[in-house]
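The same chain A turns up in both complexes below, where it pairs with chain B and then with chain C.
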Partner chain A sequence: MDASSAMGPGDAGFLTRFREKFLFLENPKYLQHLLLVPVLIFFIVWNVIPLLWLVGLSFYKYVLVTGEPLKFIGLTNFKEIFGSFEIWHALSNTFFFVIIGTLSQTVLGIILGFLFWDSKDLPGRRFALTLIFTPMILAPLATGSFFKLIYDPVFGIVNYFLKSIAGVTIDFLGSTAWALPSVLIVDTWMWTPFMMMMTLAALGSVPKAELEAAEVENLSWYRRLVHVVLPHGKFILMLGILLRTIDAFKSMDIIFTMTGGGPGNATELIGITLYRQAFNAFTMGKASALAIIALLIAISFTSIYLYILQKKEESM
Partner chain B sequence: MKKSRFFMVLFICFALLVSVSAQAGRVNLKGKKITMSILGIAGWYPSKLGVDMSPAFAKYAKKKWGYDVKFTFEEAPFTSLFQKASASLATKSDDYNIIVSDSQWLGGFAAPGWIVKVNKLLESNPRLKAIKWYDQIVVDTYMSYPLGSKNYWGLPLEGDTMVLYVRKDKLLDPKERKAFKAKYGFDMPKTFEDFEKLTMPKFEKILAFFTRPKEGFYGLAQHTSKVYDFVCTAAHNYIWSRGGRIWDNKTGQVWGILNTDQNARSLAAYKKSLQWMPPGGVNYGNSQIMEAWNNGKVFCAIMWAAVGQYMMHPKGGEMMIVPPPMHLIDGKGKPNRVYSMGGQPWVINAFSDKEHLQVAEDFMEWWYTEDTQMEFARRGGNPVIKSVLDKKGFEKIKPWFRAYKFMLRRDRGRDFWHHPMYSVMLAKQQEAFHAYISGQVKDPKVALDYAAYHLQKILYEHGSTKKAPPKEGAKIRLK
Partner chain C sequence: MESRDRKKRIKRRLYHALLWIISLVFFSPILWMLICSFKTKDEILTIPPKWIFTPTLQNYIGLFHRINFTRELINSTFMSLSAVLIAVLVSFLAAYSFSRFKPKGTDLIMFILLSMRMVPAAAVVVPIYLLYAATGWKGTYSGMILFYAMFSIPFSVWILKGFIDGVSPRFDETAIVNGGSRMHIIFKVVLPQVRPGLIAAFIFNIIFVWNEFLFNYIIGGKRTITVPVGLAQGFTVGGGIQWEFVATLTAFYSLPLIIFIFFFQKYLLVGMTFGTVRGEV
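On to the complex of A and B.
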């Protein structure tokens, strides 16, 4: 017998020896750590390192296009951001967009969710749901582009009806007063289905037995909602609100397509300002500082929600 | 006999010497196969033309130098091409051997040493050295950084100027002409020559006359969008033509030059012109202008000559292309016409190896041959070499060539800042100018003060000027 074949992986003895060698991995103590390794590597490479890089870069002056070396400037980028009226303005636009957007999407989503709750026998239900969910799956750039046409003051359908009914036309995306509400409507159109989906999921989590009991007790719809539905469904709903808040805070694509942040700074959200700093002005240090501030705000949102949820859980 | 033989030998030796020395600096590529990559501007016809025509260079190279060349192309729209190119060049990559740049980006590419300084090329290559550009503005706009210096970094792919696209059917309609004369007491211009002499006050009356919202028809389409450089491009037409400046190229001073009362009046005049644009006129970029024009929504459009190919058939009418109107200095003085320059240079990646650099040089040599430039013109590109523009019949090749040639002069065109901080400066000025035209800021002087302060600060911090921005400027807000 030749020595190389005795050592080869095809050999049964080799496999046995290999198994014996790594037998210790069958011990859950080691296995659980080993299984974590791929996730940890992924997390470190794609999250931790870029984040540290971002934090580091925020203390430097670095304009990509000058080709000049990075210059350490301490907290100057942060000072400039906090002293910039334009960035505060973008932040205030963003908060308006997030609060009004998430609120209206949640209210509308809950209403729609209740309308479709327990409606399995409704004719055309599936078709209606498909239609309702469509906006959510469209590409934001496409949505932005066709709403730009819908809002067009000359040949847009909205102005066509406005002109026919009231004899007026509104330059929705060209007016500083109308632009932000107009993009907010598009965002609501796009993301209400998401909140409706979360509502349906929340309603689905309510045990049937409790609902039947409520029916036997002849509880009013309000009491059913507060005492039966909400205690079970609120976690899913809160998760939906949390996801929408974070997503709305990062909004950029639809608005950029529709208005480019204009007219003036009327629809300039923090996401657009960040894009401009990074990819129009190429001021990478300042853009990194702004990204960190945005990240901290997003984390604050998350913490507030989690805190509220936790508090309610404790009080129950 | 002996004497003549001696001279013959001497002549042959001399010819050999000349031939050898001419080839001395050349990388020998005979028999090699080279792949060249070009980064162009997506959706921009002249850039596409340059790219479309480049395979013809392969035949030229094979015949003249005996090597095979194949091209690969990548594209990015105007708004992201600089980002794509600079991200690649910043990493010293040779992904793109030749890049179609925008003229204002020369400083950004040149200062870090990402692109080849072409002075040597222009000196050592006899064919390139022999090129005669149509006007000094070609050199200023597409080649030099700092602007107006003799440091050359780009070679023009195509020239471009602002021209005026006019609805000929409306303009020449006898009923319209009669009605106009009855209302304003003078005749509308009729010919190219008439438009050469047309001044802004008269032009504004024509715009007002053709603005008919009830018919869904408006006087003018021009750039106004906050995206890329659109609002600045159009605002500069007003500032420059009315006698203003945007900075001092030599000292780097902006404060006190950009934010003058005269420039404020120019910016106000620009905003005034929005009343003759279709509703939604504060978001007009290239595509919106083309859309308004092609759908027959406007009487005229101040637009780049380079897109003439796409503006030939306005819905329901005919068109003519003429020079844009003259402004009056400060709105009341002598007539003057200085419009923004467009067009794009080729730039050569400095990180390419010797072989690719040689091919890039050969490519440029081929690009400026009269045959190539004529073919470029026939396909709708705007050539820049004197021999082609002066050729008899050139102006008739394409409808916009006459107006393009008219505008391609140093006293009729000007370019943005050629500066490494261009992108940072542009972002700030766009923000300020758009805030004013959209009504967010009521006073044009506030928008100018804001832009001037920030531009001065950017240049000062970069070390491009000794003049610090004034402290009070930090308090200016766009509100």
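On to the complex of A and C.
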């Protein structure tokens, strides 16, 4: 069993001594902390310190490039944020984006999930699913830039079909009215497969016996959904919806390439505002304050997520 | 009786055809891009679209003739692999501790770890940028790799803790009784049993790091440039967007991930829900 016992007594000396010296680490009392050390180092250097920095900066006026010294201004950054039309506009855009996006992805995803539920014997199933799942693993930046071509008013394929069918051309990403819906369509295309995956998982959590019973009793699809599927699968679906909400709230890369927040500020989401405050205007203090607000929103989402997760585990 | 069977079979066929049509509809934008990557620049911009054309590999050859592309590709591969491997290793150790010893503050740390990943990237990048500018880590390989590792740790810890919780502590106890050391238990007893968790953590995080743009754009430098950043910077060279470049690069760069999810499809769900949801897809 022991590596050192297999060797001769002479050459094992160093190893044994070495081992004995660290034997105390076998004690769970020390080991439990030792195992955490690497993660804790990461956690402190890349999370705790930046976070404290962020909180501190949010009370200062700090413009990066001017070389102006830091100036303590108390809560002024927060007051400015709450009084800023631009930021409220970005927030309302974000909520529109989150709610409409998550809603359409959920509805479509559930429909697709139900369609694919009974597909175990589909020829080439794995290949078909790979095709469906591909949109969500592509780099959002690449997807965004490619959809620029697809949406292009002159060279885009969507406008080609639109023109030959309806005789109109729409500048999808260039018009204030169409930009946000167009981005939403891409987001929905990307993430509907995720909700489909969650629906399949939710359906998979329903005991086979209950599904068979529903089959025998010939229940309508509506009653199957409400009385058989939802009681078991609802928490998984809720986790999926919440993850989509959080992710949509974070959306950045895709909009960054497709519209950059424009035209005007038609597609400006909170992530883009934050980016502009920090790296276009270099107003780091104000950006920090905004980041803290975003952080608080994220923490509340996480709490809801964990609450539902707990419910799910209790119900299982 | 026979005709009823036949009817059933035809219905089944139609159902399968429908599923395949749906799959292809979802894939169609990517397919369009793939087709474009084999067209010449003029053909891409021809309206009405040219459905029949002689495919050319010129774009792919051109891709490798771009200055920097090889470097970007090597950077992407090297940085994502090393960051995710570091993250999975340290997360595994921490997850073992969280799962078996439940040290004080376990729940709190798990909660904060998760919250950090739920924050919009732009909010995270502000303080990290300041930290990196102050310490001189900006634009260094170690700075980028450790940052990506940090970003991969939260979900890895969550995924792996779930899996280790699923391995009965009896295994540990038996090994201890038989005189096994803790290191033996962790790496020889528990690790092999949570292999699906390791794969899920690896896949999910590598997808993220491989595709990541914003952080590299802000806290990276010329030396550490990755393909997505190269794409963002290269796509309007010399006036007008170079569509053939965008299409070819995207198709080429996405291929490894598509192959990944073809072979590891069942780990995608676990990965994307950081271990909180498991099941067949």
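Methods note: the second predicted complex is superposed on the first by the 249 of 316 C-alpha atoms of A that agree within 3 Å, B and C clash if a C-alpha of one lies under 4 Å from a C-alpha of the other, contacts with A are read in each partner's own complex, and residues count from 1 in each chain.
In this text, a residue touches a chain if its C-beta (ideal position, glycine included) is under 8 Å from a C-beta of that chain, and two chains touch if they have at least 3 such contacts.
As the structure is a computational prediction, the values presented were derived from the model and not from experiment.
Visitor: Looking at A:279, would you say it contacts chain B, chain C, both, or neither? Reply first, second, both or neither.
Guide: both
Visitor: Between chain C and chain B, which one touches more residues of chain A when both complexes sit on the common chain A?
Guide: Of chain B and chain C, C contacts more residues of chain A.
Visitor: Of the two partner chains, chain B (first) and chain C (second), which one does A:174 touch, if any: first, second, both, or neither?
Guide: A:174 sits against chain B, while chain C stays out of touch.
Visitor: Touch check for A:259: first (chain B), second (chain C), both, or neither?
Guide: first
Visitor: Using the superposition on chain A described above, determine whether A:97 touches chain B (first), chain C (second), both, or neither.
Guide: So A:97 meets neither chain B nor chain C here.
Visitor: Between chain B and chain C, whom does A:154 touch in the aligned arrangement: first, second, both, or neither?
Guide: After superposing on A, A:154 lies in contact with both chain B and chain C.
Visitor: Looking at A:63 after the superposition, I want to know if it touches chain B, chain C, both of them or none. Which is it: first, second, both, neither?
Guide: Only chain B; A:63 stays clear of chain C.
Visitor: For A:128, is the partner it touches chain B (first), chain C (second), both, or none of the two (neither)?
Guide: Once the two structures are laid over each other on A, A:128 reaches chain C alone.
Visitor: After superposition on the shared chain, which partner residues are touched by A:193: those of chain B (first), chain C (second), both, or neither?
Guide: Only chain C; A:193 stays clear of chain B.
Visitor: Under the contact rule defined above, give the chain A residues that sit at the interface with chain B and also at the interface with chain C.
Guide: Residues 154-155, 279, which sit in both footprints.
Visitor: Taking the touch rule as given, give the residues of chain A at its contact with chain C in the complex, in rising order.
Guide: 1-2, 25-26, 28, 31-33, 35-36, 38-39, 42-43, 45-47, 49-51, 53-54, 57, 112, 115-116, 118-119, 121-124, 126-135, 137-143, 145-150, 154-155, 157, 160, 164, 189, 192-194, 197-198, 200-201, 204-205, 236, 239-240, 243, 246, 249-250, 252-253, 256-257, 270-272, 274-275, 278-279, 284, 287-288, 290-292, 294-295, 298-299, 301-303, 305-306, 309, 312
Visitor: Considering only the defined contacts, which chain C positions touch chain A in the complex?
Guide: Residues 12, 15-16, 18-20, 22-24, 26-27, 29-30, 32-33, 36, 44-45, 47-49, 90-91, 93-94, 96-98, 100-101, 103, 109, 111-116, 118-131, 146-147, 149-150, 153, 157, 178-182, 207, 210-211, 213-214, 218, 228, 231-232, 235, 241, 243, 246-247, 249-250, 253-254, 257-258, 260-262, 265, 268-269, 272-273, 276-281 of chain C touch chain A in their complex.
Visitor: Taking the touch rule as given, give the residues of chain B at its contact with chain A in the complex, in rising order.
Guide: Per the touch definition, chain B meets chain A at residues 80, 82-83, 86-87, 90, 108, 111-114, 216, 225-227, 278-283, 297, 420-424, 426-428, 431, 434-441, 461-462, 474, 477-479.
Visitor: Which bits of chain A are touching chain B when the two form their complex?
Guide: Within the complex, chain A touches chain B at residues 61, 63-68, 83, 85-86, 89, 152-155, 169, 171, 173-176, 259-266, 276-277, 279-283.
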